[in-house]
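Take a look at the structure below.
Chain nomenclature is as follows: A, B, C and D, assigned in order of appearance, with residue numbering initiated at 1 for each chain independently.
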């Protein structure tokens, strides 16, 4: 299984924040994790709180553990409530079933990590996450 | 109390993964615990996440503590909500009230352990768990 | 970074237990983790306790986080006591600075995971771990 | 209280990793926190483990809570052993009384944050941390 490099993670992060600036979003926290869900890089913009960092990281982690976006996790939640209730505790609260986390795939479609964005509306968080991944030449 | 042997656990595990391959399921995590709920063997297939391991183990553990399958735990949940809320915390989140965990009984019907499967739909998880136990010459 | 497969992990595990039988060791717990320190497979032999499982897993985890064997971690401990004291807490107690955990490398020398063995003397634990890795065609 | 900006944190991080490359160090984890000890930015180099991230962050955190470098924390430890024993627990293991964490001060000498580096020897970790802060036009 291939794995995101720090260079790729930094590029995704930079592109995501560029997009956020262009969209005029609130201060954001952005986390990039590898395919195992372990942090590779994170940035907290001036004015963003510490809890946003935790949320951004949890969004990214959630994607890697279920192999889907955190928006999709929200969509399937009603069909597996018991699984997700237990998983939430087993993950120490690090599951977020709302938009803002997306998978990062390489050109062959293999999952190499995930990005989580938190600080604006969940839809806006997700929009810049997707834009960031794609601007870095990777896929969601 | 009789107790599942490592040899039996490995056989159940192998048969479960054989069945999963035959059914073409997603990458799975499978855990086998003894009658005390303690892990005997586990395997995580390539591409399955760490959280799936925890869920598979929790499914198996849940069976042993209540003496029923994790599907049945979901069925009785509405009748003992307060007990299960407390038990979930006491078990550190290791209760899963959804299909995928089944008891393992010997030929005399005595509970000797349990198996938990996680990674596909809960119904499919359970189907291969049951098939794995039976193919190993044991009962659910 | 390459990553150990379940097939490789199972082979290492089987070879390790073969060696243990040949050496006539006490009941063992054996854990194989990937390069990120996450569990891939584990087996607890009949008569081995649950805490041995935790120790075997912690030995394997320790190797991956420091990129050395758990024996070597014990050797460098006197030179970095403060780092290891903090790391022990940050790792929730999952560091073991004693023999029994060794890295698993592929033919090119890249770390793909680690194995931890617990149940006999630390030297014997380590001896079968090394024998198991090598018998599976991998390197420590 | 003035506070490090994300732009400054990123610059310190980049300069620290430049210095590490120049020195030929092992893969590092580097964390930058603000004066409150909360994470602003972190990067984990390819090949560095997750536990190194936690250690780097703990080194940076330690500096901000005592207003000294993590090396100095090690030096004063013998004089306040009971305080530090309690503090270690209260800080969930996030105190590291060994080199690798240094304060980040602005041109007026006001503490605006701290950086923690982990992955090579503690002395080397600290050397690049100091070089990184100074190359970014700030003071330790």
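We take it that contacts are C-beta pairs under 8 Å (C-beta built on N, C-alpha and C of every residue); 3 or more make two chains touch, one makes a residue touch a chain.
Worth saying up front: this structure is predicted, and the values here are computed from it rather than measured.
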Item to check | Which of A-B and A-C has more C-beta contact pairs | outcome: A-B
Next on the checklist: Angle of the rotation mapping chain C onto its copy chain D, from a C-alpha fit, rounded to a multiple of 5 degrees, please.
Outcome noted: 80
Checklist entry - What is the distance, in whole Å, between the centres of chain A and chain B, each centre taken as the mean of its C-alpha atoms? => result 31
Next on the checklist: From the mean C-alpha coordinate of chain B to that of chain C, what's the distance rounded to whole Å?
Outcome noted: 26
Next on the checklist: Touching at least two other chains at once: which residues of chain B meet that condition?
Outcome noted: 46, 50
Next on the checklist: What's the contact topology between the chains, one of line, ring, star, complete, other?
Outcome noted: other
Item to check | Residues on chain B engaged by chain C in the complex (per definition of touch) | outcome: 3, 5-6, 9-10, 38-46, 50, 53
Checklist entry - Which of the residues in chain A end up touching chain C in this complex? => result 1, 3, 34, 36, 38
Checklist outcome for this item: The answer for chain B against chain A in the complex is residues 46-47, 49-52, 54-55, 58, 74, 77, 88, 92-98, 118, 122
Checklist entry - Mind pulling up the chain C residues that touch chain D in the complex? => result 1, 36-37, 64-67, 80, 82-83, 85-91
